Amino acid sequence: AGCGDRSGDATGSGGGKPLIGVDYPRSDTDFWNSYIKYVPQSADELGVELKTTNSQNDIANLISNAQTFMSQGVKGVVMAPQDTAAIAPTLSQLESRKIPVVTIDTRPDSGTVFMVVRADNRAYGTKACQFLGTKLGGRGKVVMLQGGLDSINGRDRTEAFNECMGKEFPGIKVFGEATDWKADVAASKLQTRFASDPDIKGVYMQSSFALSGTLQILKQRGLQVPPTDPKHVFVVSNDGIPEELKNIGGGLIDATVSQPADLYARYGLEYAKAAIEGKTFQPGPTEHGSTIIQVREGLLEDQLPAPLVTLDGAPIGGQPTVKFDDPSLWGRNA
Amino acid sequence: MSETLSTGKASAPVPPPTRPPSRHLALARLRDLALVPAIIAVAIVGWIISPVFLSTDNIVNVLQSMSEIAILVLAQTIVLITGKMDLSLESTFGLAPGIAAWLVIDPALTRGLGLGLLPDAWAVPVVLLVGALVGAFNGLLIVRFGLNGFIVTLGMLIILRGLLTGISGGQTFFALPGSMTYLGSTSWFGIPASIWVSLLLFAVGIVVLGHTRAGRALYAIGGNADAARAAGIRTDRVLWIALIVASVLAALAGLLISGRLAAVPAAQGDGAIFQVFAAAVIGGVSLNGGKGSVFGAFTGVLLLFMIINVLTLAGVPAQWTNFLNGAVILVALVVSRITGGKAQT
Amino acid sequence: MSATPHRPGGGPVGEDRPVVEAVDITKRFGSTLALSGAGIMVRPGETHALVGRNGAGKSTLVSILTGLQAADGGAVAFDGRPAPPLADRDAWRQRVACVYQKSTIIPTLTVAENLFLNRHARSRSGLIRWSSLRREAEQLLAAWSVEVDVRQPASTLSVEQRQFVEIARALSFGARFIILDEPTAQLDAAGIHRLFTRIRDLRAHGVTFLFISHHLQEIYELCDRVTVFRDARHIVTAPVAELSRQALVAAMTGEDVTMPEAGRRPLTSDAPVLLSVRDLVTSSGAELSMEARAGEVVGIAGGGGSGKVEVAEAMVGLARPAGGTVTLAGRVLRPGSVPDALAAGVGLVPQDRHREGLVPSLSIAENVTMTVPDRVGRYGLISPARRDALARDTIADLTIKAAGPQVPVSELSGGNQQKVVMGRALANDPQLLVLITPTAGVDVRSKQTLLGVVEDVRRRGAAVLVISDELDDLRNCDRVLVMFQGRVVGEMAHGWSDNDLVAAMEGVDLHHV
Amino acid sequence: MSETLSTGKASAPVPPPTRPPSRHLALARLRDLALVPAIIAVAIVGWIISPVFLSTDNIVNVLQSMSEIAILVLAQTIVLITGKMDLSLESTFGLAPGIAAWLVIDPALTRGLGLGLLPDAWAVPVVLLVGALVGAFNGLLIVRFGLNGFIVTLGMLIILRGLLTGISGGQTFFALPGSMTYLGSTSWFGIPASIWVSLLLFAVGIVVLGHTRAGRALYAIGGNADAARAAGIRTDRVLWIALIVASVLAALAGLLISGRLAAVPAAQGDGAIFQVFAAAVIGGVSLNGGKGSVFGAFTGVLLLFMIINVLTLAGVPAQWTNFLNGAVILVALVVSRITGGKAQT
C-alpha cells in the first residue's frame, strides 16, 4: 500500500457531501435485503453520498471491495463482516489510510473500528430460550434449526440458547440441527425429528429462512392449533420480517426476534458521518434508546434494541416484549 | 494383384455359443440392482441405530424429502445418457417457480415483491414454460452452436441463479397461490403427492428409456452420436428434446419443493447439483453417455437420502455431518467400482 | 497343422541369433484368450509376414513384442537375450520400432511434435529447442515426400498422411527391427508402392521387418517367410515361396474356403431404373451422375481422395450435398436427411464402423434394429421379443459369432462387428444397398460372407452400390464407375482386368492415351 | 453436418494444399492471444465508467484479488490438459491451511480452537504436505483404481470441506503464526508478494508446459493416452505428479489467501471451483484434454476479475451482480467460440 495519501485529496467526494462506502454482506436473505433497501433511504435523509458493493458472504470479496473503496477515495466505510476473524488485515489497512470503519451486526475479533452497531445475537438465543422455556413450563422437547456452522451470529444464538436451556430449563431436551441456512434442509431435518420424536413441543428457528417450511410441516402433521390446545407446538423465529409479524398475528407462530434492519442502516451511516466530521462518543446511554458499551480498549459498541415480538406483548421471564402490530417495528413499515 | 478367392455365401455353421445366452441380460439386470444390498444394509443399520428408522412415518419422510432431488436426478440421468450434462438444473429448480411467483403474486400482499401480472391459474403453466425455455436455450447453445455442454450449463447455472436473485431482490417469495402449493403439500391416499409424482415420473422414465424408440435413441446417441445419426436418428432433435424435458422436470421438481415450503427462497437449489451428480453416478449412470438406467439412478438417490436420514437420527454432531456425507459418497463410489468390475468411465 | 505350443519355425536356423523370438506366449483379456501358447521367430535381415483372421491375436503379439503389455506366460528374447523389463521403454525402443494398428498420432499436437514425442531436441538447459525440432521433422518427412507443414496440428492430416507420419516416425528410431501392423490398410496404391520401395531399401541395409496385412498379395510381393496364427495359436511358419495361396488361406481359416463362383445371373436388359442420381455435387466439389437398375450391382472405385466416399455419403443423406438430386424408385430423396433415405428404402454400410456404424455399448439386437423401430414395436414402444427375434435371424443369416442378441457389440471381434453393420443395413429390406468400403479390416472369411449377401440382395431385385478401392469388393459388380479427383473418369463392365481398373483409379487410361 | 464428411480414407477429393502452410501455427498462437482484445476492451470500458479503474492502486487491487484464484486456475489447467479434472481443488484451498492452523495455533489464544501440537515453523510445510497428500489420494483413486476423475474429486470436494468444518467446528481459525501470514500479507518492491508469487508461478508454468518434455507429456497424455504410453511416456506417473502438483498449488493458493486474511474461515474456497472452470475454459483450455495453454488460462482469469472489478466500480445493484457475472461468462464463452472457429470440445 504505497500511495496512502490519495485519500487525502478532494477528488471523489462531490458537492461537499461526505462519500461513504457501504459493503452489503449478502443479498440472499430477507433480512439483509431489507437492510440493502434502507441504506439509500437513510443516506438521503442524512445527506451523505454512497458507494456500495456486495461481498456475497465471501470475505475475499469484502477485502477486494474495501480496496475498491480506497481507490474510489471514500472517507468512511460501513461494513458487516460475516467473518469476524478474517477482517483484521483489512481493518488495519483502512486504519492506515485514516478511513473510519463502522461495522454492522458483527464485532471484529481484533483491530480498531470507530463503532460497532449491532444487536446482541446471544440475547436472541436467550430470549428465544426464555420464551419457549416459559411456555412449555420447563418440560418437553424442542428442535433448534441452526443456521450455518460457519456463521458467528448463528453460533452465538446456538450457544446462548443451549446455555440458557441448560441452566434455566434443564427439563427440556434440545435437538440442534445444522441447516446451512437452507430451507429444504431445515424442512427435512425437522420432519425427521418429528418422525423420531412426535412429541416435540417447540421449534426455534435461528432465521426466517425456515419459516414456511416449518409451517407446512406443522400443517401436514395437524399441529397447527391454537396455543390453548395441548397439541400446540410453540414456534419462535428470528429476524422480524413482515411475513413473521403477519404469522404471529395469524396465530401460526408465537414469537420472533425483530432484528432492527432499519436501525442498522440508519446508525451505521450516522456513525460513519460523525466519524468523518470528527465527533467522538463515550460509553453510556444514547438519545435513541440504546446503550454504548466499551467492549475492549478502542472498541465501542452501540447495542440496538432487538425486541422479542409476541402476539400479546406480555412480558416473558420478566423481560418486556413487543406486540406484533406495534408500529415501531421495522417489519411494519417495510 | 488380387487374391484368388472366389466369393460366395459362407456355409460355415454358426459355432456353438461359448456362454449361456442370457448371461448378458442377467449381468445388465444385476448392474441395475447393484445398490440393493447396500440399501438393505443401510436399512438394517438404521433400524439398529433407531427403531424409528423403519416406521412408516420416517419412511414417508425419507421418500418425501428425496422426492424433489430425485426428480432432478431423473432429469440429469436423461441428459447424462445422451452424453451431455446439465449443471443448470439446480438453478432452473429455483428459477422456474420463482418467476411464476414473481409474475403471479399480488404486490399488495407481499410489500411489492411480486408483479401480480398474471392470474393465479397461470402459475403452474408458467413454471413449466420457464423450464422449457431454459432447456431450449441450453439446446440452442449446445446443439445448435456446438458449445461445450459443461461450460454452457455452468454459465447458465450462474446466470439463472443471478436472475432469481435479481427479480426477488434476494428475498423469499411468500404467499404463493394455491395452484402452486397444491402438488407439493397435498396428500393422496395418505401419502404426500410429491412422493406419488416422483415415483410416477420414475416409472414413466423406466418405460420410456427402456422400452421406447425415443428412449433407446438417447442411449444410441450417448453411445455413438455419429452412428445414431447414420441410423436415421435425428440426433439434434433428440438432444434438444432431452435438454428441454430435463429442464421441465427440474422446473416441476422446483414446483414441488416450493409447494412443500409454501415459499420460493432465492437460494432454492443452491449446491444441489453436487448431490444430483453423486446420486446418478452411484446409481450407475456413466458420465460418458450411453450407460446407466433410470432404476439405477433411483436406487442411487434413495441410498443417499437413507444415509442422510440415518445420520440425522443418529444425532451425529452437526460439524461432522458433511464429512460423513462425503465419505459415504466416496465409499459408495468405490463399492460400485468393485461391483461394476471394470474401470469406470 | 495343429498348434505347436513350443518353439515355432521350420527350416534351418542360420548361425545368426534370431532378432526376436517369442516362445509359448499366453495372453488373456478377461474371458477372451487372445494368445494361447503362441510363438514366433524372426531371423535377422528377413521380412517376416504374420497373418491370421481378425482376432487371431496378431496385434496382441505385437504389443507384447514391443513391450506395451506383459504376456501372462511365455518369454520374449531379442538377439538371444531376454527382453528388458516393461518399465524400461528406452531399452525396448532400441530393440524394436513399430507402427501400431491403432493410430498413435496425437491429434492435438503438431506434426513435428508427434514425430519427436518424448525425444524432443533439447538445449543444454534442458528446454526444448522448437526450431531444431521443426527442422528435423521437415527433413524426416521430406524423405517420405509427405508435403505438410510440420507446424500444423496432426488432426488436420489426411488419414494417409497420418499413416506416413507414423511410418516415418517408426523408421526414424534407427532400430534394426521394425514391426508394421497393417500399415497398408489406410494407404492407396501409390502410397503402398512408396512404402514398399522404402522397406526394400532398408532391407538391403540389413533391417529386419515383421509385416502384418490382410492383403495376401502383399505378403507374396514383399515377404520372405510367413507365420500364420489361428484362434490365438501358432499354426505354421514357412517360406512364402513354399506356401501356396490356397494353403495359406487354409491355414488361416482351418478349412478350405475356395468355392465355385456363385451362378451369376446376367442382368435382364428390361430391368427398370431404380436409382437415378442427377448432377450430385458434394460440398467438397466431387460430382456424380449415374443410374442403377433393379438387380444391378454398380461399383464406384477410386483411390484416396477421389471423392467416391463423399458422393456416396451425399447420396444417402449422411452429408448435405451442394446440389443435385437423388431419385430412388420415383421418390426424390431429401438432401442431407438420413431418415428420409431410410424411409425410401436405402440400406447403408458406412465407411468406418467404429465411427458411424455401431453403438458399441448397445447390444447386437439394438444395433441391428436401430434403423427399423417400426418393425419391432408399435406406438413408439419396443417389443424386446420381436427385436430379439429379428436380431436372431440376422445372427443366423450372417453367421455372426455371438452368444446371443443381447451381447454388446463392443465384445465382438472386428469381422463380426462388420457383419452387425451389414445386418443393420439389411434390416429394412433395402431397395438400394450402399456399401462403403464394406470389407475394410475384415479377414478373408468374413469378406466372403459379406459379399455373399450382395448376391442375395440383388436377386431380390434391389440395386447395390459398392464403393471401394479393393478389387475383391468390386469383382462381382455388373459395372464399375471409376472416380479420380472428384470426377467419374471411366466405366468398366464386368470382367475388367485388374490392371485396367488400377490404372484408371490412378488416373491413367491405358487404352485411350 | 459437414463434419461427418471429412474423416476417413478419402478425406478430400482434391489434395489438401488449399490452405497456406503457416495458417495453423498462426491460429494456434492467435488462440493464446484470443482474449487480449477483450481485455483491452474491458480496460477501456472500465476507464470510461470510472477513471479510477486504471489507477495503479486499482490495478494492484485487481491483481491481488485474483492472485489466489489464478493459482487455482493454473492448477486446474495442468489437470485439464492431461484430460482429467479436479473439483476438489476448491476444498484443498481451504483445508490445507486449515489443518496447518489447527495443528499449530495455541488453544489458549483462540478459545480452544487449535491443538498447538506443532511449532510455528511447521505451518507452511504442513500446508504443502496436506496438498500433496490430497493429490496423492486423488491419484490413488483415479490413476491406480481407475475411478472416474469427475466423481472422485466431487466426492473429495464434499469430504474435504466436511473435514475442515469438522476440525474447526465451522469456526474461523485466527491468530495464525507469522510464517503463515507472511507470504499473503507482505509486499516486495511495493507490490504485494502474492502478486509476485502468482506471476512467477504462471511464468514457470508457461516454461514447463511449453518447453520441457515433462510439460509436453501432459499434452500428449491429454491428446491420446495410449499413444503417449507407446511413445515411452510413463503416463500413470505423470498423471500422479500432475494431480499432486495441482493440489500443492491449491494448498499454496490457500496459504496466500489465509495470509491475506490472517485467518482461515471454514468456508474458504466454497464455490470457487465454478469460477476456476469458467476462467480456464474462457482462456481456451479444453475440458477434453490436450489443448490450451497456461498463458491463455491467465488471460481468462484476468478478464473475469477485470469484469468483476468494473461491475463493482460501476456500482451495479447488488442483486444483479451475480446475473451479470454469469452473463459475462456466457458471452465470453460464445465469443471464444467465434474466435476459436469450431465446435468446442
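In order of appearance the chains are A, B, C and D, and numbering begins at 1 in each one.
As a convention for this text, a residue touches a chain if its C-beta (ideal position, glycine included) is under 8 Å from a C-beta of that chain, and two chains touch if they have at least 3 such contacts.
Listed by chain with UniProt protein names: B, D = Simple sugar transport system permease protein.
Since this is a predicted model, take the numbers as computed values, not measurements.
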item	value
Shared interface partners, meaning chains that touch chain A and chain B	D
Interchain centroid distance [CA atoms averaged], chain B/chain C, Å	42
Interchain centroid distance [CA atoms averaged], chain B/chain D, Å	29
Centroid spacing, where centroids are CA-atom means, of chain A and chain D in whole angstrom	35
Chain A and chain C: spacing of chain centres that average the CA atoms, whole Å	73
Residues of chain B engaged with two or more neighbouring chains	165, 169-170, 226, 229-230, 318-319, 321
Chain A, residues touching no fewer than two other chains	27, 33, 36, 149
In chain C, residues with contacts to at least two other chains	318, 355-356
Pairwise chain contacts, counting only pairs that touch as defined	A-B, A-D, B-C, B-D, C-D
Chain D to chain B touching residues, read off their complex	4, 141, 145-148, 150-152, 154-163, 165-166, 168-170, 274, 277-278, 281, 287, 318-327, 329-330, 333-334, 337, 342-345
Contacting residues of chain C [partner chain B, same complex]	31, 215-217, 245-246, 249, 255, 257-262, 318, 338-339, 341-342, 348, 350, 355-363, 366, 370-371, 373, 377, 380-382, 384, 395-396, 399-404, 406-408, 424, 444-445, 447-449, 451-453, 455-456, 471-472, 475-476, 498-499, 502
Touch list for chain B against partner chain A, complex	50, 52, 55, 57-58, 61, 64-65, 68, 111, 165, 169-172, 174, 185, 187, 192, 257, 260-263, 265-268, 270, 309, 312-313, 315, 318-319, 321
Chain B to chain C touching residues, read off their complex	1-15, 17-25, 28, 211-214, 216, 219-220, 222-224, 226-234, 290-291
Chain B-touching residues of chain A, taken from the complex the two chains share	26-30, 32-33, 36-37, 146, 149, 175-178, 181-184, 187-189, 191-196, 198, 208-209, 211-213, 215-216, 219-220, 242-243, 334
